[in-house]
Structures are given as C-alpha cells and as structure tokens.
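These are the structures in question, set out in turn.
Below are two complexes that have subunit A in common, paired first with subunit B and then with subunit C.
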Partner chain A sequence: MKNLSRKNLITLLLPSFLFIIFVFAVPIFYSIFISLHHYNILLPYHPFVGFKNYIKLFQDSVFWSSLKITLYFVVVAVTIELSLAMLIALLLNQDFKGREFLRVILMVPWAVPWVVNGIMWKWIFNSEFGVLNKLLLQIGIIEKNIKWLGKPFLALNMMIFADVWKETPFIAILLLAGLQAIPIDYYEAAEIEGANSWVKFCRITLPLLKPVTFVALSLRTIWAFKSFDLVYALTQGGPSQGTNLLNFYIYQTTFSHLDFGYGATLSLVLTIIILVITLLFYKFILTEEE
Partner chain B sequence: MIRKRKKNTLFKVLIYLSAVVLTLYILGPFLWMFISSISPEIELISGSRKWFPSNPTLKRYEALINKVEGARFRTAFFNSLIVATISTILTMFFGTLAAYCYARFKFKGKKSMVLGILFTQMLPGAAIVIPIYLFMSSLNLLDTKVGLILVYTGFIMPVAIWILKNYFISIPQEIEEAAIIDGATTFQILFRIIIPLVTPALFATGLYSFITTWNEFFFALILTGSNSKTIPVAITEFSTQGGVDYGMMCTAGVIGSIIPLVIAIIFKDYLVSGLTAGWAK
Partner chain C sequence: MKKTLFLTLILVLTFCLSMGAVTLKMLVRPDEGGVIELYTKEFEKLTGVKVVVDYIGWDQISIKTTTALMHKGGGYDIIFIPSAEKSRFAAMGQFVDLNEWFTEDEKNEFLKSFVDYYSHEGQWIGVPWYSGGAHFVYNEKYFQDANVNPEDLSTWQDVLNASKAIVEKSNAEYAFTPSCKYPGNYYYNYGTILLAMGGQFFDENLNPVFNTGIGVEALELLVEGVNQGVFNPAGVSLDDYETLKIFQAGKSAFMINSTWSANQAMLPEASTVADYAKVRMIPGGKNSETGGLIYGGAFGITKASQYKEEAVELVKLLTGTEAQMMHAISGFNLPTRNSLFEGSRLEAINKAWPVYGELVAQVEVGSFGPDVVWLDPFRRALATAVQDAISGKKTAKEALDWAARQAIDIKSQYE
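Showing the complex of A and B:
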C-alpha cells in the first residue's frame, strides 16, 4: 500500500464520488427534510409539521398490513429461493451430460427484465386463458379454472412463485462458485475416514459454503424488501391490497396520492428496517465466527 | 488419485430426471410467452388444448418492428439502447479510476467510503427518488435521456466500483512496483499496465452494468415520459393502459428481453466471474 499525492487522489476519486453523492447522499438527507413537512406537490406551500408524518404512520393501518405482507413475502420467498438454489447448485456440481447447457440456461431468468417476469406470470396465471390452469386441468389436478390472482393471500403466494423463478438462478450461480472453490482433497480425506455422502455434505460442504450462503442470504433479503417491479407488473398491489408490498405502497402514496411528505417518511422507515436487518445479519455472522 | 464413488444407476437416473425438470422449469415460462406471442388472437383466447398454435403468426412482431403502431415502442427501444450504453461507458470510466484507488492506496476516510458504497445497496429506490424527482424537475431534466443517464450512472457506480475493486486487488502489486522504479506516473501505470491486464474484468463489469440499466424500471417509471421512456416502461403499458392485450404484451416482453438474454448467454462466463467477484467475496 502506498500513499498517493492529494491531487492524483482527487482526480481519480472525485468524478465517481460526485455521482454517488448526488444520486444517493444528497437525496437521502433531503428525504429526511421532506418527511418533516406537509409536502403535497400540487400545493404552493409545504409547511413544517415536525414528526406528524411519523405519528401518522403509527395509525396507518394500510402501512401495518403492508409491512406484514412484506415480511411474509421476504421470509417465504428468500427461504424457498435459497433452498432451491442450494439444490440446483449441488446438482450442477455433479458430473453429467448436459451440465454446461443447464449452466447456460440458468442465466435466462437472471437476464429477463423484472417487469417482463411480471407480465409473463400475469399471462401464465390468467384465470381464463392462462397456461397454468390449462396444464393443471389436463393433468386432472383441478376441475375448473382457478383465479390465481383473485384472492389476496393466494395472489401473494403466486407472486412469491414468480419471484422464485426470477431470483433463484442468481443465488444458484453464487453457491455453485462457492462449491467449486472447495478443494476436492477434503472429500477424499473424508472418504478415507469412511464418511458417507450425508456426513460429507454436513461436515464439509455446508460449513465451507457458509460465507457465500450468508452473502446470498443478506443480498436477497435486502433486494426482496425493495421489490417493486413485480408488484407493479403482476398485481398493482391488489386484490384488496393483498400484494401491496411496502415499496409499492410508498410509490402509490407519493406518486398517486402526491403526498411526498408521507411517502418520504415511509421510505425512510423502510430504509431503517433494511438497515437493522442487515446489521443483525452481520452481528450474527460475527458472533458465529468468534 | 483414486476417487471411490459408487455412482449407482438410481443416483444417475435421479440426476438426469432433476436436470430435465429443471430445464422445463427454467425455460417453460419464457417459451410459453414466446409461443403466445406468435399465436393468432383467436387461438390465444379459444381455450384450446393445444401447446403450439396451428397457424403461427409473426404479425405482432411486424407491428412492433415496422408498423406505425409500433413507433412508440421502437422509440423506447432506442432510448434504452442509448441510455444503457452511455451510462455504462460513464460508469466504467469513472468507476475504474475510483476502484483502482480503493484497491491500491491508503487515504483518509477510505473505510467509511467503502461502507458508504455498501450502504447505497440497502437504500430502497423510493428513499431517494422523491428528491431526485424534485431536482430533475427544477433542472428541467425530467423526461430527458440526459437526466436518466446521470441518475443511472450514479445508481450503478457503487456496484461497478465494488466489483472492479475486487478484481484490482487480485493483480499482484510487483508489476506496478517495477514500473514505479522505471519512473512511470500513476496514470501511466493505470492506463498502460493495469487496464490492459483487467480488460476481461472491465468487460464483465460493463456487461453487468448494461443489463442492470437496460432492465431498470423504478426510476424510469417516475423520471421519464413520452420523450425518454425506456423499454421496461413501454412493456408495462401494454398491460396497464385500458384493456390488457396479452398477445402484444408477450411480444413486447420477448423483444425487450432479447438484448440482455443474448448478452447473458454469449458472455455467460464473463458475467458469472463478474458476479462472483462482486458478491461472493
């Protein structure tokens, strides 16, 4: 590590630094300022209201139900995605014909835009002409068409289904890279000791995969909290607010109801929730390592 | 090296079976969207039991690609191309400079800057989009490509720096030390020695940035209108404006996915190495 002259350092860092400052740092502080005001974009004045927006939040039943839905979405989606990704990674770490092909098509869901994922499943779940009903009718699992997006809780679970398709491959790619980094000697040594596959998985694979699993888990959790595109394209938060994830509720408050002050407040609360959860993750992993 | 692996037949059958199921699961939904996009309207909503249309048609593709009704969609497509390309170039240029600093030099406030980079990834778009919307509006940059390019460049900068920094760290420092002894300046070292060495890494990071900006929807939805609308926004308009035209929606979805899909499939190895360098470390 060397030291660099001040002038060079500034030339190298400043441009990117300015971009980050203006897109992230200034806005987040300005959001705090807005959240302390009654800020309706259509009104000429934006009076200071102190913590009124924050107090409003505690009495806002839509916020609480949206928070509950978001937590359910995050926990269920991330759990399924991680477990499924682990299975896929273990499969793709085996030696078989067509493995390369599978590794390539794993890129498909990752590359497809999030909104395309949303409209694609909206069409698949369509109650009259959707392929899901068609398939299940043909196999004989159901007898008449189901309105997959017609009931709040069912729609939420279908949204998780769509999210799992899109997000699992990315985690599988990370986990696979982790698996490939485990030296093969470890397994050979274990085999000499007479360990069976299950023991090898629990004693070698899982512990060594822990760091990358943890990264995948925290990344996915953060991203799942921020889900927006899928809600917008698939359900628009409905039916009866059943899929109204926090980020979508914030969007509606701000840009449909034009209540910028309350929208900013909600978005800051979401930021704090994400921050606290990330810190808890890190604290957990640090105490584990000690 | 003897690997004693009793791979019995059952195990093999199980592997191939899961591979087939996985292939169907991954490709099925997207293929269905493609099949729907080439099915005539009448077959699309007839409730027929067939899996492939009897009279496939490219009418919708024609409409979007060279008929009048596709004009706005085409504009959105080119807007996306321009916005994603320019923001990627800007990000790569400035991001490389910064990443090199983070990887090689000690300076005051470095640690908090790295934490700041990680923090940006936790921020929900909603927490920054309101002020950005107000700034853009006061600078008359709402609904312009320039405005969107500036926002996207800042938006992907932290991720790009993060991935590049991890690549730079992996280059042995001896190479530069030799150059310093020969009297090369920092910029000469960076542009003549380091950058040629990390071209694959730059390429991988650039592709990642391009796909991310191409697919970005939240900021585009709020900051653009008829002048600078990007492809993800144009796609959703087939399903939210008035009635839903599922056929057109699927066609737009397929066209909008082509570029990221082709990039991801052709350059899979680059992208995977970029993703793992960025996140798995």
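Showing the complex of A and C:
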C-alpha cells in the first residue's frame, strides 16, 4: 500500500466509489427528495410540500397500527426463531447417528421461496380445506374448523408461525457454525472445575457465541422488518389490516395508491428504524464484549 | 481477417433484416381459452407481422402496466385495460384516441355502455374485449331440501331468512361464503349487494353516501348473516377463487361470483355440485333493479407505438366477432359486440354455454364501480371496513363511516 501513489489509489478506489454513489447514495437522496414532494404519478404536478408527508405520517392511524403490528411480529418471530435455533444448534452439535442427514433436512424450509412458502401456508391454514384443521380434528384437539386467518390477531400469529418455520433453520445453521468454532478445551477445563451443563452453557457457550448471535439477530431483525412476500401471498394485510406490516403498507402506498412521495417518506422512516435497532444491537452485544 | 469480415457481414445482414420486420408487443392478462394465442398466430400468418405477447397474472398486471405507462408505454404497442383500472390508466395519458382509427360504424358494433365507459375526456381509449359481472349462483338441491323456491327471493332480507332454513335443513355448512379478502372482491360481497339493493357509493359530486341508509343496511345484513351463523365468517380471509372452491365442494348453498366462476361451478370436471348449480338474478331491494357490479376488459394502443396501424388491425381481429365468440365459448367471458347478443350467433353460444342468456341478463342491468382514479385505495379502505364489520371489530355504521372519511381524504389527495 505504501508504494502506491495517491493517484493510483484514487484510480483503484474510483470504480467502487462510483458504484456506491450510484447504487446507494443516489437512490437514498432521491428518496429524500421525493419525500419532500406531493409526488403522485397520476397528478400533472409534483409540488414541493416540505415536511408535510412527515407530519401526515404522525397523524396516519394506519401507519401507527402497521408499526405496532410490525414490532410485535419482529419481536415475537425473532425471539422464537433465535430460541428454537439455539436448541436445534445445540442438538446438532452433539455426536449422534444421522446428524449429517438432519442438518441437510433442516435447510429444506429455508430453501423454499418466500412466495411458495406463503401460498403453501395459505392452503394449510385454509379454514375449509386446510390440512391443519383436518389434522387437529382427527386427533381430537378441536371439534370444529378454526378460521386461522379469519381474526386479525390470530392471523398475525399464524403468519409468525409460517415465518418461524421458514427462518429458524438459517439461524440454527449460523449458530451451529459458531458452536463448532468454540474450542473443546474450555469445556474440558470447566468440567475439571466441576461446572454442570447449565453453567457451561451460560459461562462459555453464550458469551463465545455473541458475535454470531449479533449477526443472526441483526440479519433476522432486518429481514423481519422487511417482510413483504409472506403478507402478500398469505393475507394481503388483512383481515382488518391486522397483518398489515409496515413494508406491505409502503408497497400499497407506493404502487397501489401511486403516492410515491408518501411511500418514500414511509420507506425512509423504516430505514431509520432498522438502522437504530442495528446500532443498538451492536452497542449492547458487541461493544460490551470488547 | 476473413473470419472477422464474415462475422461482420452476418451481423450487418441480421441488423438489416431486423430493421425491416415489424414486431408488435402486447401486455395482457392470462389467456383464458387460448384465444389470444390462436388469433395472434393467425394475425402473424396473414400479415407477416410478428407479435410478442407478455401474459401477466392478475396479481401483477396493475403494477406492470402502471410502470409501463410511466415510461411511455414501456415499449408495448397494445395494453390490456381492465375496467377497474380504466380511470387511472387513462389519466396517465399514454393511449391514442381510437376515434381516429375506427369508423363510426365499427364503433357502433360494440355495446354502447362499454364504449362510453372506456372513453375519457372525450377520447375513446379502449376497444371493449369482454364483459362480465357478479352473479348469484345457487345449489338447487340445498334450496329444495330447505323447501325454498329461489325465485321467491326478491330482497336480501328474504335471502337471509331463507339462509336460516337452508343451513338447518340441508347439508350446506353455510348458506353463503362472501369473498372479502382483496379490495377487488367488492364485486362479490358488499359492493354488489349495495348496488342490488338500489344503493350507491357516491353522489354526483363524489361525496360518499354508502355510509348512510341502504349502504349501512346492506352491510348490516351481511353482518347479521354472520352473527346468525348462516354466512361464513371466514370470508374475510378468502378470495373469490377460494369461495368458488367452497361452493364447488358443496359447503355453501349459494355464492356471488364472477361470470367465469359461475361457469366453473357448473363444470362436472371441476365441481361436485355441477348438476345442481343454477344461476338467477341477484336479489335486490324492495323497489330496485337487481343489477350488481359489472366489469370488462379492453385493449388500448399506446401513443408511443411505432406501428399503430398494425396494432389497430390486431385489436380489430382480437375483438372481432369470431374471436369474441370463441372467447365466450372456451374462455367463459361475455362478449362486447352487439351481434353476439342476437340471432344465430346467440344461439350458437347458448348451445355451448347453456346459462349464457341468464348471465347476459344480469350484466345488462349491472353498473361499473366508481369511475375515479382513486378507485384502488378507496376499494382497499372499503375492504377493511367490510372485514372490520364482519369480524365484529366495529359496527357496520362505524366501519362505513371510517371508510367514508378515508374516501374523502383519498379524494382530496387527487385534487
């Protein structure tokens, strides 16, 4: 690096710099620009409205309801996924027959495309023909069909169920990779000191998994905030907007109502929320460790 | 050197040949009955013009078309215009005025109501291709089991009363499963019941009126049916295809569904109740017509098209008498040409499609939904209101008042 002249350095960095400018910076600044305008493509003019779209957002009951639903979805889904994934990873980290086969099978849900996953669960949850009702009726848990997607809060939880089914394997594999990187010597030393399994898990496994947990938690949280395909294929945000996640609301505003100005405002707010949450994770998980 | 020269020659020849060929690009919804496929091939044979058709599913066509129109037609010469999108596609100003390409006689061959609907600010922007609407399809056996004569049902209160008897005395789990999942499902739930009862969405100044009088009564009837256990509450999460499947499986005694679905209910290979599925006019109010919501599809030609003449010829072929007749018989879509509602052609379609006459009668008394550019966001608010009322989150009046406030707000954003 020391041998490179300033000119050569600039020449080498320029393509990446330009790429970042055009692919990231320009769209972001253009979004900010649009969000300051009444930008509906069906209107002949797109006047500058200042922060009117941002003020509208504070008065928009659908936005607040979507945000509340999204936060519930993210917290519940990611918590369940992380907990389940940890259990699965710990299990798959043991030495037993068929472990490799189980690891492969585990990845199947994650390999299913999102839209296919949504359509599959739509039919599984179907109140009249769905396999879930059939199964529960056959084993006598329920006496009549349940309208899984017929009530807003129940539908939201069923959507979380579908999300957990699909996303848990990915986190499990990430955690498993982290588990395998922990030197066995630590556990052996702890055993000599008389530590039981729980102590070993709390004092060795969890602290050493922090970097991987940060990656898994950040990625899943970001992806959960961005959830769109599942809502689109499974519920379309209903009933009664009970599953209207923020990203789906942005889609409706932008591409259905064609209100690009307000859609850009909502997108920027979602970006800021995700950024803040990721920074908080970083602060609490990684900085503490450093 | 020789190799390079040879390759250059090939490239130049290919370029010259491609410059001479005319290629039409078309954006359209899925090909029901294979009519587009057949007639575009015939057009290619007759004219030597190549036709590239992009078939886009119903769930994506709105966005695909919108983005195409935002970019001067997106390279398409012919674009399909569903009736529900007519106003907003027209507002984007990318379609030619067809009055310049069709003679008055040619124009008069189409149903006037459809030509009028596909006119925008004095310009005719879409050649009507097919028509359709909401229909009342019922299971004759269930009605007989309950000793209910379907012809005696003149009001929706009669329907509600009969529904109780049907659920008690027949094998139907529910009398009716409304489709209320998508905004566009207003054809098959509250929207059609409102119109059939003689109500309307907006007054002449586009102020909401659906949250008063008949409007509230119509939704209260739906809610009452759900509360009494005769209308299926799961309808809030079901679309029109799913409610068709429920009817075909013999779980519902009647359905309000599309022209295509009405036919599917009668197909032995698709329906377990094919022998009992019948159609009657949608019951109405005390002194009203029995028309529900209707819909249609048309072809528009983009201003940016370089081959308008060829595009017009293709549209004429696709919306011609023979193509529309085939579209009716194999695609189960009602036509838009006057000649297909009379004489020998009417008989021919009737022969292949026995309920054709009844379906036509229903569409003849129906009306299009609100002709506004903000129809989609309005329908979305209305869908939420219907779901809120059915799921008991709000009363019918509260839900409709909320939708009315939304409608006023949405409308103001386009002024």
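In the analysis below, the second predicted complex is superposed on the first by the 264 of 290 C-alpha atoms of A that agree within 3 Å, B and C clash if a C-alpha of one lies under 4 Å from a C-alpha of the other, contacts with A are read in each partner's own complex, and residues count from 1 in each chain.
We take it that a contact is a pair of C-beta atoms (placed from the backbone, for glycine too) under 8 Å apart; a residue touches a chain by one contact, two chains touch by 3 or more.
Since we're looking at a predicted model, the values are computed, not measured.
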| item | value |
| --- | --- |
| Which superposed partner A:A155 touches (first subunit B, second subunit C, both, neither) | second |
| Touching partner for A:L42 - first (subunit B), second (subunit C), both, neither | second |
| Touched subunit A residues, subunit B compared with subunit C | B |
| Contacts of A:E128 with subunit B and subunit C, given as first, second, both or neither | both |
| Which of subunit B and subunit C A:L258 touches, first, second, both or neither | second |
| Which superposed partner A:G238 touches (first subunit B, second subunit C, both, neither) | second |
| Partner chain(s) touched by A:K147 [first = subunit B, second = subunit C, both, neither] | second |
| Footprint overlap on subunit A, where subunit B in one structure and subunit C in the other make contact | 126, 128-129, 236, 255 |
| Interfacial residue positions of subunit B with respect to subunit A in the complex | 1, 3-4, 12, 15-16, 18-19, 22-23, 25-27, 29-30, 32-33, 36, 44-45, 47, 49, 94-95, 97-98, 100-101, 104-107, 113, 116-117, 120-132, 134-135, 150-151, 153-155, 157-158, 161, 186-187, 211, 214-215, 217-218, 221-222, 231-232, 235-236, 238-240, 246, 249-250, 253, 256-257, 260-261, 263-265, 268, 271-272, 275-276, 279-280 |
| Subunit C - residues contacting subunit A, complex | 62-63, 66, 70, 88, 91-92, 180-182, 233-234, 236-238, 242, 245-246, 249, 251, 373-374, 376-377, 380, 383-384, 387-388, 390-391, 393, 410, 413-414 |
| Touch list for subunit A against partner subunit B, complex | 1-5, 8-9, 11-13, 15-17, 19-20, 22-28, 30-31, 34, 87-88, 91, 94, 96, 98-99, 101-116, 118-124, 126, 128-129, 131, 134, 138, 165, 169-170, 173-174, 177-178, 184, 188, 191, 212, 215-216, 219, 222, 225-226, 228-229, 232-233, 236, 247, 250-251, 254-255, 260, 263-264, 266-268, 270-271, 274-275, 278 |
| Subunit C partner contacts - residues on subunit A that touch it in the complex | 38, 40-43, 126-129, 147, 149-152, 155, 235-236, 238-241, 252, 255-259 |
